[in-house]
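The first chain written gets the first letter, and so on, giving A, B, C and D; residue counts start at 1 in each chain.
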Amino acid sequence: MKTPIPYYLGQILESVRDEDGGEVAEYIPELANADPDKLAVALCSSTGHVYSAGDAEHEFSIQSISKPFVYALALQELGLDAVRDVVGMEPSGEAFNELSLGRDYRPVNPLINAGAIAVNQLINGVDSSVEDRNARLNEYFSRLAGRDLSVDAGVADSELNHADRNLSLAHMLRNYDIIKDDAHDAVLSYTHQCAIRVDVRDLAVMSATLANGGRQPVTGDKILDADVCRLTLAVMSSCGMYDGAGRWMAEVGIPAKSGVAGGLLGTLPGQLGVATFSPRLNESGNSVRGVEAFKLLSSDMGLHLMSTDNRVGTHPIRSKEEDEDHAVIHLQGHINFSAAEAILYELQGYDLDACRVALDISQVPSLNRVGRRMLKEGLRRLREGGNEIAVIDPDGTLTDRELSDGTVVPLADAEDYHINGEDVRD
Amino acid sequence: MKTPIPYYLGQILESVRDEDGGEVAEYIPELANADPDKLAVALCSSTGHVYSAGDAEHEFSIQSISKPFVYALALQELGLDAVRDVVGMEPSGEAFNELSLGRDYRPVNPLINAGAIAVNQLINGVDSSVEDRNARLNEYFSRLAGRDLSVDAGVADSELNHADRNLSLAHMLRNYDIIKDDAHDAVLSYTHQCAIRVDVRDLAVMSATLANGGRQPVTGDKILDADVCRLTLAVMSSCGMYDGAGRWMAEVGIPAKSGVAGGLLGTLPGQLGVATFSPRLNESGNSVRGVEAFKLLSSDMGLHLMSTDNRVGTHPIRSKEEDEDHAVIHLQGHINFSAAEAILYELQGYDLDACRVALDISQVPSLNRVGRRMLKEGLRRLREGGNEIAVIDPDGTLTDRELSDGTVVPLADAEDYHINGEDVRD
Amino acid sequence: MKTPIPYYLGQILESVRDEDGGEVAEYIPELANADPDKLAVALCSSTGHVYSAGDAEHEFSIQSISKPFVYALALQELGLDAVRDVVGMEPSGEAFNELSLGRDYRPVNPLINAGAIAVNQLINGVDSSVEDRNARLNEYFSRLAGRDLSVDAGVADSELNHADRNLSLAHMLRNYDIIKDDAHDAVLSYTHQCAIRVDVRDLAVMSATLANGGRQPVTGDKILDADVCRLTLAVMSSCGMYDGAGRWMAEVGIPAKSGVAGGLLGTLPGQLGVATFSPRLNESGNSVRGVEAFKLLSSDMGLHLMSTDNRVGTHPIRSKEEDEDHAVIHLQGHINFSAAEAILYELQGYDLDACRVALDISQVPSLNRVGRRMLKEGLRRLREGGNEIAVIDPDGTLTDRELSDGTVVPLADAEDYHINGEDVRD
Amino acid sequence: MKTPIPYYLGQILESVRDEDGGEVAEYIPELANADPDKLAVALCSSTGHVYSAGDAEHEFSIQSISKPFVYALALQELGLDAVRDVVGMEPSGEAFNELSLGRDYRPVNPLINAGAIAVNQLINGVDSSVEDRNARLNEYFSRLAGRDLSVDAGVADSELNHADRNLSLAHMLRNYDIIKDDAHDAVLSYTHQCAIRVDVRDLAVMSATLANGGRQPVTGDKILDADVCRLTLAVMSSCGMYDGAGRWMAEVGIPAKSGVAGGLLGTLPGQLGVATFSPRLNESGNSVRGVEAFKLLSSDMGLHLMSTDNRVGTHPIRSKEEDEDHAVIHLQGHINFSAAEAILYELQGYDLDACRVALDISQVPSLNRVGRRMLKEGLRRLREGGNEIAVIDPDGTLTDRELSDGTVVPLADAEDYHINGEDVRD
């Protein structure tokens, strides 16, 4: 059997293929020469499954889609405080060609050009040479994509010949001491970043890396902290689509970023990354067919950040076995607050007085901080209520078994609790 | 065992109790007389478990927190198009005391006063009397809370005596034909809506109703469509906190709405609702201690819309059994796109040629549209590949077993597939 | 001989008569019923000569043209400080339908509706009844026009039935404590002010009163202080034409104010008032043909505030007679700084040592403060230089002959200086 | 006798000398090193009389005060349409450091930096070399000042080293095709313009040239057309003082422009130019003591554009002589619309039937177009009424004696009308 997802993606492409509105960006010849009929889509799950349709191996320059990733790299390298010194995180409410400096002269967010130039200058240290900074960016984007990416020198050169707007921004940033470097060098470095060549599969995988808390889901490479991804996605969600942010959130509901070459990338945290390519742009500078494809992804595939059924997961208690003096609760899935809440809620309903109770977390791939804290507190309270407690944790997933009272919850062997009892759930 | 969640909520209250900044709203005596030391928090899971701490039964007027719910009711009663005729869905970028009308003179979103007045006028039909509209709103909010709510007549009367701002807005809305009713009556009805008395538990349950796709999780009452909840949450996420929307999304990441009486409500779609109460407000009109409590809920409890670990669920294939000519794949949890993708991904890896294959969905509580479509397409492709197919669906969860080729996938009995084989997963 | 000025004015009307663009204001039936073909112009010199052409006796409601005059009355009654407490004096840069409140919530200037309502409330004291305030305004506008003006009750009633915008403004002004009165009463009074009936001759005379330093040039009635007129004209010049203020100043150069009924009034300080009437309005709410007529008045008649030839007056020394030991300098015209400068400049060039010198101011109608001060200082210095000094001032125009050294310059009789000498000028 | 005007100017300096608020501009060392105590004022009448007090010969860089003059030169060289292609004429409502581009990307007016850079590029043709453009500007400013001006090379160099803001503007102007030249060259040329060294006497004379319709009043050099001066003064009046334009017009009422080196220049059309120097600036970038001095010039000397007594000139009929069959009307002063109106008004009151009438314009220095037209029409109507007409015009001031009916009004000799009659005026 072949999974039908590529077929579904292909159907979406066919649905939008006849949209012939919009114009290819024409401010530089290299973009003006783009084939307006190219059309592609790719999707990558947070588990690293990649699907695509259309001209999925057609390469184009990443352009503004690089912005959230370089912002993430700056956060990773320097931390939020240092990054916040040069750029805010509020929507601009303005088109991409305005200065969009705030009252404190910082660019209002990292997804407008002024903010992106300011953030680019942080990479590899403010004293970095252009060459070293570019090398650092190449290496970073290649790790994100999971393959060696190259720079489109023709696009970069052409952009430099039409860089008055960005030079204007760079000089103004220098004027307000937001950047220190020579304005021309700043634009050189930023232009390099925008000229990196990608295809939609690269973008989908890069996006899935953000969705996956910073671990590249195909290579397994841990590139960014989960906190960095969370901040980056938050900024994408409020500042990513130039105008009509409210309507985009309502109609599409996928934090997204577009590029002037025709790329459009979206991320559903914890779930997947998706990307489209079609070079004709609407007046806001977003890919016309890309926007339509995202609307279909949202409506037909139910992909929407606010969709209330995206997260109605499986119950975290897989099963429970008990006899007169033993009880084993088999857990499953990642344990976060909601999962722990559900586990503890059920535990407090059980009549488990004065018996041995074990939580089996052998099928739990991970716990977050609050999930771990809550499970351990539940165990402590069970013991306080008279139970003997243990965990079945062959892989050491719990990492730390010390409870808040200083005692340590003992490990048990699964076989100690081999009970031929019934599954008491349902 | 008692669940420690109330204890954790209590800890959050203690962490913020010493924040004594801000001022109780003073524009009407009834609010000015509020006890500034009252402090409460409540949380309701999308499964209807309610937890609280502090002055959780202290009642206060709902004020602006009513706005997203009345917007949802208007969407439910009239549909998006009709509602969009009178109100937009873009952030205002402005303080709560501006007119915030867009270029087409519609209020820019339903969470500013002008928008909320316009939306209030839609309820029960634009020709409704004030009394009937108020009765409709009372009934609606009582269903949301799961108990009969009353109106604080003192607050309502006092607001009417200090209603110049709202009267100004109502007259301007009339001037642009956004509302039809007498301006005084419009303000009367809106003021009533704001004076409904709630406690934090009510708010948490109401919020969880949005999180739960419109089904009140305690009473089971289906009040709103899932689409309506999705739109409402999208608007809350982009327009809910008056200014600093980008920073709120980054730091807290919980779509939220505050009220001038001191309430603050937040929703994590699919997960939970949460609410706090503390009457002292900051300059933006948000509860000082409420904002701090939300920051702790986000950081300490990992509650953040962009948190990449909120949705890393259990694998939707609970287990698989097979012998030479039979295979049963036991599924679990809600099947949405991501779950279906994972199932199909695994199916295409199996070597299942020329045998009988059954999907067991007896432990699947629900499928959304795309999940159902994908599972059925997977079955069709298995048969196309030479397999004999069936579903084990004792509760009729699949609802419709017709495949895209017009055939119907047969039902199988679980016992037909009783295989003493190994679970082949892991 | 008949002066050709009415003919010239008629020519201007013919030049603009074919302009059929724009629309009659339609928000109330009484304005919508206006005859769109009516066309009139009038001009009044600061000396009280009135000229007109077209439908000069056609009456219409004064509408917003009342605003600068009521502002002037408030300044006259209360002084600048009290008026500045409720209204600013900056351009709004915005259309007439915005709130245009400044950061301090005061309306930004008195020529937008919000500002005009705030100023109206000052008239006759903030505690005045509507009836008394209206009576005061009636009496004031009648003095300005030099005839009893009436109120168009039909227009006033109709405006009240469509007063949502103004009620909105009044409620917002109350909300910020800019006005104290009931919002409905404030709008009642403001609507009355706008419904006063005038014709273009009335407007021209009223405007010429401002041009003439507050003295009605036909009746001779002194209604406003010169300082009040100066402030009013300054505000008209920067805030009078809703948008395009810079272009209006460049192209037309006549401080002006328009009304929605079709009136347009302009003032050249010290020179004249002019007014047109034609009911069809452009998108900015200004009379289409009125604007064109003003452009012609500016270009064809050289009427422009910045025109450098408007003020190249006659030399203030009419003639000078002298013999061996006497000199009489005959002055003429109003003596302000520039005139006094020219006089003193000439005096310092004369060789007048040790003789009797008299300044003849019998043909000087007036001196302003600095002109008087400079002439007296010139006399003092002549005496200090050895001359015997005197003034010929049969009408007491100088009013105060005490010099800065405490001495008094003596009066001389014109006949004492009857010299059969030559006029030494030129 | 010595004229007291320098003494008065000195008094104004003493009144403001103690104002020690504000800070010397510090963004370049050359300005930061300015002596903060320097203080000067100068005034030049439109007749070329120059007065000054304080450090009147202290030179400083002209900076932004160059802007209106270069705008005037561009208007003179290219006409309004060509200039309007690159710059608007509306107030910016914004501080001097904003881009202030309008919706069409043209700078909103020529007195903000972006507009001034755009206008600078027009001088000497858009293809001019920087050297030739600078030479043209040097020559122009030297003609305006009536002496050879030099450029402060230290200031120019220093500005270039801190020119990020202007480079930012120049790149943005290039981006929108407002300027064609290399951005660095554009800033080089603009910086040169700003570094021209002047003293307050130079500025007063330059300003008086605008006041005088473009004729330098000391040298008599005709540099600019009157229309150009009128437009320039209109733009100065609406855009000259960065913010608070309305309040400046009300309180001071002198169209003005300030420079960051401490200069402040004002012009009263038709009357005079005035300038001050004091390097300490307020937050708006205007000289603190300069602003105070201008307030005193306005209040104490009655210098205010809206002052209604600035233009109450002498009556244009100097005297009238008549006997039975002759009448001579002796006119005086410049004849514009207002003067002609007054003459015609009087003429129509006279009983001059069937006699010879002559207008004596030998004491009329000039007539503007409408004045000439009106006088000739009056003569034509007198003849139509039965009079024999003539003009006494020994200097040919009327230039063209052809009436609208194609006939020519004859010249008369003054002696033909030697009448020993009384002056019939008054």
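In this text, a residue touches a chain if its C-beta (ideal position, glycine included) is under 8 Å from a C-beta of that chain, and two chains touch if they have at least 3 such contacts.
Worth saying up front: this structure is predicted, and the values here are computed from it rather than measured.
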item	value
Topological distance between chain B and chain D, in contact steps	2
Label of the chain whose CA centroid is most distant from the centroid of chain B	D
Averaged-CA centre spacing for the pair chain B and chain A, given as whole angstrom	23
Centroid distance [mean C-alpha coordinates] between chain D and chain A, Å	63
Chain centre separation (chain A, chain C; CA means) in Å	67
Residue list for chain A, restricted to those that touch at least two other chains	none
Pairwise touch network: line, ring, star, complete, or other	ring
Of chain A, residues touching chain B in the complex	1-5, 8, 45-47, 49, 88-91, 93, 109, 210-214, 226, 229-231, 233-235, 237-239, 244-247, 249-250, 253, 255, 269-272, 300-316, 318, 332-334, 336-338, 341-342, 344-345, 347-348, 352, 365-366, 368-371, 374, 377-378, 381-382, 384-385
In the complex, chain B residues that touch chain C	99, 164-165, 167-172, 174-175, 183
